[in-house]
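In what follows, structures are represented as structure tokens.
Both complexes below contain subunit A, partnered by subunit B and then by subunit C.
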Partner chain A sequence: MAGVAASPAPPTAVVRPPRERISSWPLADRAFYALCWISGLALCAIALWIVLYMLVKGIAYLKPSLLTKSPVSGSIEQTSNGGFLDPIEGTLLVTAVGTLIAAPLGVAIATWLTEYARPSWLARAVDSAIEMLAGVPSIVLALFGLIFFSQGFLGFLSQPAASGSLGQSFLDAGAVMSLIALPLVLAATREGLEALPPRMREASFALGKTRATTSRYVLLPAIKPSIAAGVVLGMGRIVGDTAIITILLGGSAQLTEPVGHTPVFGLLRGTGSTLTSYVYYNSPAGEGNAHEKAYAAAFVLLLMVLALNALVTRITSDRPGLAGRAFEILRFGTARA
Partner chain B sequence: MDPLMPPPIRRIALDAEPTVATPREAPHVNGNGGASPGVAARPVRPPAATVRDRMLVEGVWLAYGESWVVRDVSLPVRQGEVLALIGASGSGKTTLLRSLNRLTEITAGAARAGRIALDGVDIHELEVNALRRRVSMVFQQPNPFPMSIYDNVAYSLAEQSPERGKRRRRRSPELSAAVEDALRRAGLWDEVSGDLDRSALRLSGGQQQRLCIARALAAEPEVLLLDEPCSALDPISTATIEELVIGLRESVAVVIVTHNLQQAFRVADHVAFMHLGELVEYGPSEQVFDRPREQRTRDYVSGAFG
Partner chain C sequence: MTGGDPKSLLKGGGAAGDRRAELMLGALGALVLVLIGAMVVTVAVKAWPSFRYNGLGWFGPGAEVDTELRAMRESAPLKGHGLLYFSAWPLIWGTIVTTLAAVVLALVVSTFAAIFLTEFAPPQMRRTLDPVIRLLAGVPSVIYGLIGILAIAPWVDQHLLSDARKKSVNYVVQLNGENLTTGTLILTVMILPIMVAITARALESVPPSWREGSVALGVNRWRTIRRVSLRTVWPAVAAGTVLATARALGEAVMLAMVAGSTPFAANPLDGITFLFEPVRPLAATIFQESEGLTIGPLSHTIYAMGAVLLLSAAMLSLAGWAVKQMLVRQGIRP
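The block that comes next holds the complex of A and B.
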């Protein structure tokens, strides 16, 4: 509209209603309010305490050489020179194997459950199975895994042993680890898919697209952040699990020498240790008798988990994080605002 | 009719204009005739060069669960014409529209009776995805996919080619040309050609809806179904889309569901008025608006209810 008069000046006298006073609340509300305060503060204090304690202890004992040196082999005693390079590598290896199995499987099962769910009796059964899996203690999974992978025909997954199969290797541990990450990936993917508006599916069906095409090219890309968050949460579980490592990766502090001629596979068939088993072994409860190194390793472990958590927060927030930006650069050649 | 009722939508024109062939003005509702920009007069347009039946709806009943929402409807859908389905909420127009490409089937508990044919073949004998590529649909709420403008249209084009193994995101010159063509047909090209990589969700509502039309057109459908495509849009976007719809009728059979009588009047060649699941009246839009045969139609187009 042309020629409109200048808009009137905002009023100068503005009345803002005063904020509600807590003292005006009924006693029950005030008591509950106080309880909330106390428990909130207590939780923050405990979390802060743990992190600060590990930080102080860890930094005090952490030396760069610990990160670059292998543990002493052939000796129970870990107090002499030696670091935890191998456990770090072990953690990365197990996490990689577990994630590579759990992520595609979890996404696929979640897609089937939400987009197909047929036959319905199988979908219901899978639903219960996943719930049960999420509730099984990892030590139980580990024990089952050991028996399962000790069978002769699965011996190719670990180094040969006199009794046919050792049942212990990065592959065996990673496979069982994938079971504890799977429910997390699945739940995140499922929630993401269920939160999508139905009209997104309709739009694709109305163009003559199959369920498979719709899922692959419309729905799953739309929930990339949810999937990524689920995968990272799963990685966090894997990084932190001790029971499965203790049972299925064996006790060798160092990575074993690769066997066979396939480069990566040889290493994965071997045994080794991870940060969790290293911390356990060297803690006051273990036999390694190197508490300082346990603290240092625990600190590194804590950093890893905190970094993964930060990554989840970053992914699930709206702002594209580093990963999102890296993706854009790969995809479009430039990061956009 | 109750003498206190507001004058029928076409009364003035009806009095002034005895013959059907005379070019007409927009329905008189706002008191400003066809003067306001969003409510342009219906253009004088010659009939399409060829008008032929594409779909035939014969004695169709549709139900969700136990209640029949469409009762014994029969009508033709013709290429070269725009067919408008009008009627109050709950009259079954949208359900009828969705049954034309079997989208009703994705709702659990949907039941049907009767026959719907596309070029003489019962649509329930066609493979459902093949049918939906031929009979495409645009929805009430613009629903672009959360991807770039380019990919929205390219997605619809993919799988048309016989080589399915091909990576679909690759921007071959042929694909880009087809994307441009679809965007041009939907009248969106000039506005978005500068940045096809922009997220489709950043477009305005009217642009999003035209993108959805482009997406539907990219698959080269034979019938285009529009479910109240303008109800979420402003008058300017609405006018753009109406022009677009009229322009499309030569190449595709268009069916549009609308609550807006003026819109039906502006774009439709034939109008079907539905009430409580029944097809009350079907005929050329001049006839339905000017000389409705049924009292219920007369009441509806005059604004007595609905």
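The block that comes next holds the complex of A and C.
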């Protein structure tokens, strides 16, 4: 009997307090609660309105012929004739050039910063420089790019001009664009590398592998989704930038004749336009002022951005950790703060 | 896990290869550092003639900005002044007003929205809000500008601006739908996603036991959030604000399209009319004058505006660093 008495009492049901009711809060608190709901719903409403508005305008004004015709010159004919085939090609060219520079550079620097980082003062300096780069307005980067690429010895990237070189071409614009994508690729890669469990490095080192081999064959392959997410986000930023295009790609809507004789390189040395500069040119603020075309081109541009957004979601959703952990960091690049 | 290829175990060089890789990667890092240094130096050098000619007057008020810019474009100096004569106050004022107003507005809305996202939103809503924030962050500024100039500005012109108000200041400046309010509101929407995302992330990282302690003492959920969570995450909110300020400061295209694009120093003493006066910030001015970059004096002036923006970006970066130190000291790693 004594044994039974000593045994612990059966667990009683936990008594939960009645669920807290918002209606029991003081008036001021309820007002703030309402403000929270209003703010959240307002964000949804704005996003929904933007998408619906662009969808309605896009469907109304987008004709298949716009996608297959080149723009015509002269602002009066421009409003009634021609399409935006060249700007679409221009967007693809600039994005390709920018991504091809930013992706390897970002991955390389991120690897150096996380795996080597010696000497430490240099690593700290590079880290702060990249952080500052992420905060520099793209228009200031464009101003710098124009001086940089106007130097005579970089003339092979654009066309020769009276003093030095023109400084305007797809290659020049793409190179400056890579600077706005770089912080995103870098942050994503770093975030990925830092999140890897230490045992991966330890196992590789234990096999006698060097850091270079470990990074190349073990670490980087393991964080492919992170890198891909960073690269796609960088592409999204390049696709949407107008300031750099206006300054480093010049004003002509059409692609220019290839410069020189090398097939692809000649085209890239030329100038042209992208969807963003085409939208600006055709908006009431620009010289073309044909708002049907501006809406149609903006719709195509928005579709591209949405597609890139969806791609990021797909890449990150395969890896639950990635999506939950670092999306905002990836999105804004600088958010390592 | 990838890299299942057994041959990969045999790949890779020895210590020499590792050393070589380290040097190469380090050189790339140094290259970016040099490039950014070169940017600061080049922009400063190119801007110097404008600052040297105008001295501190560069930042002050003077003749009409557009008259000064036209004088440079046409190489016909204003009476009593050289070609480089420039006074940027209306542009600087425009930058300060739009940035400050948008950041303050966004700070309030984003705090509420972030609390909603992390605390009050039903799970269904939470799943919708995530893509919504990503979408708002991803829309290019030229699309914001297009919607602003073709949909929002005409609406503001028709419904918020009375003819009497337009007439009252007609002798100084023309009022229409493209004005300070329109520009600032769209700018707020553009910087909101950054701030919501960072604040929400920080709120999620507040240790649950801290809030549970407060709730257990009988404090209601809202007051717990205000007294415990918000106090804990304020450095993160500050960090988000710094990032958003940088973005607002550099926004050129959208503001060039919808803020009126008149270099007018909107005067707060005008009362409500102030809200409808046009402005043109520094970045928007650079964007609109970019065709003049081949003209000597004008290009010096444009680079001077760029230098001011660059300096502000550097200061913000420094402020962000200071906030980060505070976060580290608090032991929060957002």
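We adopt the following convention: the second predicted complex is superposed on the first by the 281 of 337 C-alpha atoms of A that agree within 3 Å, B and C clash if a C-alpha of one lies under 4 Å from a C-alpha of the other, contacts with A are read in each partner's own complex, and residues count from 1 in each chain.
Note that in this section a contact is a pair of C-beta atoms (placed from the backbone, for glycine too) under 8 Å apart; a residue touches a chain by one contact, two chains touch by 3 or more.
Please read these numbers as outputs of a predicted model, since none were measured by experiment.
Student: Mind working out whether A:T246 is in touch with subunit B, subunit C, both or neither, as first, second, both or neither?
Tutor: The answer is second: A:T246 touches subunit C but not subunit B.
Student: Classify the contacts of A:A222 with the two partner chains as first (subunit B alone), second (subunit C alone), both, or neither.
Tutor: Both partners.
Student: With the two complexes superposed on chain A, say which partner A:T111 touches: subunit B (first), subunit C (second), both, or neither.
Tutor: The second partner, subunit C, only.
Student: Looking at the overlay, what does A:T213 touch: subunit B (first), subunit C (second), both, or neither?
Tutor: In the superposition, A:T213 touches subunit B and subunit C alike.
Student: In this superposition, which partner touches a larger number of subunit A residues, subunit B or subunit C?
Tutor: So, of the two partners, C touches more residues of subunit A.
Student: First (subunit B), second (subunit C), both or neither: which does A:Y33 touch?
Tutor: second
Student: So in the superposed three-chain picture, is A:E202 touching just subunit B, just subunit C, both, or none of them (first/second/both/neither)?
Tutor: After superposing on A, A:E202 lies in contact with subunit B but is clear of subunit C.
Student: Quick one: is A:L93 in contact with subunit B, with subunit C, with both, or with neither? Answer first, second, both or neither.
Tutor: A:L93 contacts neither subunit B nor subunit C.
Student: If we overlay the two complexes on their shared chain A, which of subunit B and subunit C does A:L268 touch? Say first, second, both or neither.
Tutor: neither
Student: Once the complexes are superposed, what residues of subunit A are shared between the subunit B interface and the subunit C interface?
Tutor: Subunit A residues touching both partners: 207, 209-210, 213, 217-218, 221-222, 332.
Student: Residue numbers of subunit A touching subunit C in their complex, please.
Tutor: Contacts found on subunit A: 20, 24-25, 29, 32-33, 35-40, 42-44, 46-47, 50-51, 53-54, 105, 108-109, 111-113, 116, 118, 122-123, 125-126, 128-133, 135-141, 143-144, 146-148, 182, 207, 209-213, 215-218, 221-222, 224, 236, 239-243, 246-247, 251, 276, 279-280, 283-285, 291, 294-295, 298, 301-302, 305-306, 308-309, 312-313, 327-328, 331-332, 334-337.
Student: Within the complex, which stretch of subunit C touches subunit A?
Tutor: 1-3, 8-9, 11-15, 17-18, 20-22, 24-26, 28-30, 32-33, 36-39, 42-43, 46, 109-110, 112-113, 115-117, 119-121, 125, 128-143, 145-147, 149-151, 189, 192-194, 196-198, 200-201, 220-223, 226, 236, 239-240, 242-243, 246, 249-253, 256-257, 261, 283, 286-287, 290-291, 293, 302-303, 306, 309-310, 313-314, 316-317, 320-321, 323-324, 327, 334
Student: Subunit A touches which residues of subunit B in the complex?
Tutor: Counting only subunit B, the residues touching subunit A are 101, 103, 106, 129-134, 136-139, 141, 143-147, 155-156, 158-159, 168, 197, 212, 215-216, 219, 225.
Student: Enumerate the contact residues on subunit A facing subunit B in the complex.
Tutor: My answer: residues 197, 199-210, 213, 217-218, 221-222, 332.
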